[in-house]
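The two complexes that follow have chain A in common; it is paired with chain B in the first and with chain C in the second.
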Partner chain A sequence: MTESLKLTVDRRDGLAVIYTEGYINNQGGEEIAKAGYKLIDEGYKRLLLNLAGTKIVNSIGISILIEIIEKMIEIDGKLGFCCLTPTIEKTFQIMGLTQYAPVFSNETEAVAQLGA
Partner chain B sequence: MPAGAPSPPAHLSSQTWAELLGLAQEEAGERAMLERCLELWREAHGASTAALYLDKGGALELEAASGPAPLPALFDPRPEPLDPTGSGAAYGWLPLAAGGLLYTPPLAAAGAAGALAGDPLTLLLAGTLKNCRLRHELKEQQFQVNYRVVELESLYDVGLAVAATLDRERLSEEILLRAVSLLDARRGALYVLEGERYLLDRTFGGEAAASFELGEPGLAAFLTGTGDPPPDLLPGARYLLAVPIAIESSPRGLLAVADKESRRGVGPFPVTNRRTLELFANQAAIALENARLHLQAIEKERLESEMSLAAEIQRQILPHGAPAVPGFQLCGWNRPARQVGGDYYDLFVRDDGRCGLVVGDVSGKGMPAALMVSTLHSALRLLFDQTGFGPTLLERLNRHILDSSAANKFITLLLAQLDPGTGDLLYLNAGHNPGLLLRRGGEVVELGSSGLPLGLLPGSRFQARSLIVAPGDLLCLYTDGITEAESPREEEFGSARLLATLREHQDQPLPVLLEAIQEATARFSQGLPQGDDQTLVLLRRDP
Partner chain C sequence: MAGDAVLREVTLALPMVPEMEIEASKTATAVAESMKMSPDRIDEVRMAVVEACINAIEHSHARLREVRVTFEVLGEKDPEKLRITVRDAGIGFVPEAMGEPRIEDKLKSQRKRGWGLKIIRGLMDEVEIHSGAEGTTVVMSKLR
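Here is the complex of A and B:
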């Protein structure tokens, strides 16, 4: 079980995908935010968070994800999630994240929708 | 400017005032308004840099900044002089009633603190900051309410999962992950009680001690929240919380989490988190108990299946009907007290026409006794062929049993060989109940023991004896399950009642006589469960 977050970023034409593996907690959330804000600074306005490698998220991680969503709204960008476990998807729904950031079951669909 | 609107501060233009009113009316426009107000304030007071810090749960976080100087994200009033940017300027700060502070260099240039506090722009700034704080608090409260719903949903989901699956591995992981995430813990561990030790079942976020003694000093106190944690529970953790996993006060394991996270690092768990962890521990207890019962049921099923197989094997060992012996009627019967038993009998006719009759009783009951029956059966047939009937057979059988069985196991055995042509009966009795020969005229001859049971001593000797089975005589070989069948008054059926039954049905066909003995013992026991294996061999010479 991977427990500290590992990140990889795939920069594509007009869209960047951030892959996570491990716990999205304070440290993990900060890592995602750092990567996300860097991509925004590079000019990316469409971000996809692929959480296929993440089984666990805590409230601090969620609050950081909300901040990233707010930032994306502020710059008139788009953020989406894909490949969530049922538990994480349910958590995101209850916490209101899915109102502002759509959730996709797979990356292909997410890229098609966000990139459109 | 709208009619009835308050007059702007003297040094703000109507255009600026209209801009501020516009921002105030925007949805979520507080932040933009705050930044604009701060900029106006800095320009009006000639400050190079100004910042607003908002009190968020005890920490002063940077909310807005104006000017070129870099400012720290968190305000710490402790350094003297207040110069976190290292610019050398005499920075100062002004607390605002809204729950934050205005931070600017140098205060002296902007006038006395009292004068600043009464400044219309400062008041406007404070009001806007208050709006920001209220909005922040509202968001925070909404977040907490939602997260509470997540917590309840998690408990509900875990409850459903526990009811729906018996996969203990998956449930244990689910419970640990949910507990760690919902309590914002950095680490966690789940232990399961095996015998007298808590064994580490799984861990998250780092290493944990492999095991603990159930009665380890300090552990019980820690689990009830009244003592310090064992130092090696989650090595390196600073703040620990653990609760027992128990079914009706009987311990089954323990659930531990460590280092509650916040944006500023890790800290202790609040009291309410213990209750949440206990609720997860309750679910874990049910999951563990269900899994244990399930494994128990599978094991029981496996054992029952093995016992059925063993019973079938034993049925194959015992004779299928009696061989035909000219001039004689012969029958045998066995009923084990459990699925398999330790009684044994055999009836066979040798190549020379002589008939072998065997009745044996292995000490003990159930599977161990049945295994010895199997050993006895194969060895006896083999030795009969090698040595023929006689004391040597039993002496060699005795050594074989002694070598191949546990120290406290033994076998009583009555072995007889009948010459059907003459009625000569040779017999050997190794500590078995005496067989009964009921003469046609009513006399009873006992086939008593002539040696120790098999498997007791290596040098046991046996003596063969003989008698004649005359026309009309009835021979009954049996095990103690017949004579020791008990009544509700704890009396034994006894050899006298057996003999009486034999006499009563002496001339009837052997199946009728056999049934009569079965009925007599059953009537005597009055429905009590059969206490021991029962075996009968009956032989009658035709009149």
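Here is the complex of A and C:
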């Protein structure tokens, strides 16, 4: 029954990309937060969450993503999302996340914008 | 205007255990596919079902740890609308008393949660909430 989340982190020059695969629920959100805070501790101020491998999220998981957005605002960093399903993007818009963390249709565009 | 005759009906009685919402969402997908709803609309229904189930698990405080989810395909001759009813036997709440969550407030607040109803209302075409001492029923519909 469990659909656990798998994370892959790609550290680049000045920007780190977190790839998710699976359901972003409370446990999934916590895993992303753990990875995100570790990257922040390592000095990364630009993070990209590539959700191409995630087809479903829930509001508890997204609430944990809001904590990461809050942290990024605190450190004057940038967090972006890319490769969202139309429903996940619509959900982020309903919640207002896109005002604080931009959504990009693909990774190339996201890296160009966030890395600038 | 969608006809309201019930053409097909499926009811699940799901225990309130972690990720039961995924089981409900799978049935939502199967029923919506059977009425040839578009993939994007199916995805929205799936997400709304997940949120309604999570609300029941998290907030109902029900002694009977079960959520009943009914999927009804409505129409005159052909499927026109999917109506989903999510019921718990919890303590209920006053929907009007629930403030509208705002991202500006959540960013400053310790409590980041409380988005479920807003998401459901944003994704479904019609949403009704009936809540009282005998539990909460969320009725949500989406046209095909």
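The criterion applied here is as follows: the second predicted complex is superposed on the first by the 114 of 116 C-alpha atoms of A that agree within 3 Å, B and C clash if a C-alpha of one lies under 4 Å from a C-alpha of the other, contacts with A are read in each partner's own complex, and residues count from 1 in each chain.
We adopt the following convention: a residue touches a chain if its C-beta (ideal position, glycine included) is under 8 Å from a C-beta of that chain, and two chains touch if they have at least 3 such contacts.
Just so you know, these numbers come straight off a predicted model, no measurement behind them.
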Inquiry  = By the touch definition at the top of the document, which applies to A:Met95: first (chain B), second (chain C), both, or neither?
reply    = both
Ask   = So, does A:Ser59 touch the first partner chain B, the second partner chain C, both, or neither?
value = both
Touching partner for A:Thr87 - first (chain B), second (chain C), both, neither = both
Message = Contacts for A:Asn25 in the overlay, against chain B (first) and chain C (second): which applies, first, second, both or neither?
response = both
Ask   = Does chain A have more residues touched by chain B or by chain C?
value = C
Ask   = Regarding the shared-chain residue A:Ile69, is it in contact with chain B (first), chain C (second), both, or neither?
value = second
Task = Using the superposition described at the top, list the residues of chain A that contact chain B and also contact chain C.
result = 1, 3, 23, 25, 55-60, 62-63, 66, 87, 90-91, 94-96
Key: Contact set on chain B toward chain A in their complex   = 142-143, 146-147, 149-150, 153-154, 157, 177-178, 180-182, 184-186, 204-206, 261-263, 265
Message = Could you list, by residue number, the parts of chain C that touch chain A in their complex?
response = 18-23, 25, 40, 43-44, 46-47, 50-51, 54, 58, 101-104, 106-107, 112-113, 115-116, 118-119, 122-123
Note = The residues of chain A that touch chain C in their complex are 1-3, 23, 25, 55-60, 62-64, 66-67, 69-70, 73, 85-88, 90-91, 94-97, 99-100
Ask   = Residues of chain A touching chain B in their complex?
value = 1, 3, 23, 25-26, 55-60, 62-63, 66, 87, 90-91, 94-96
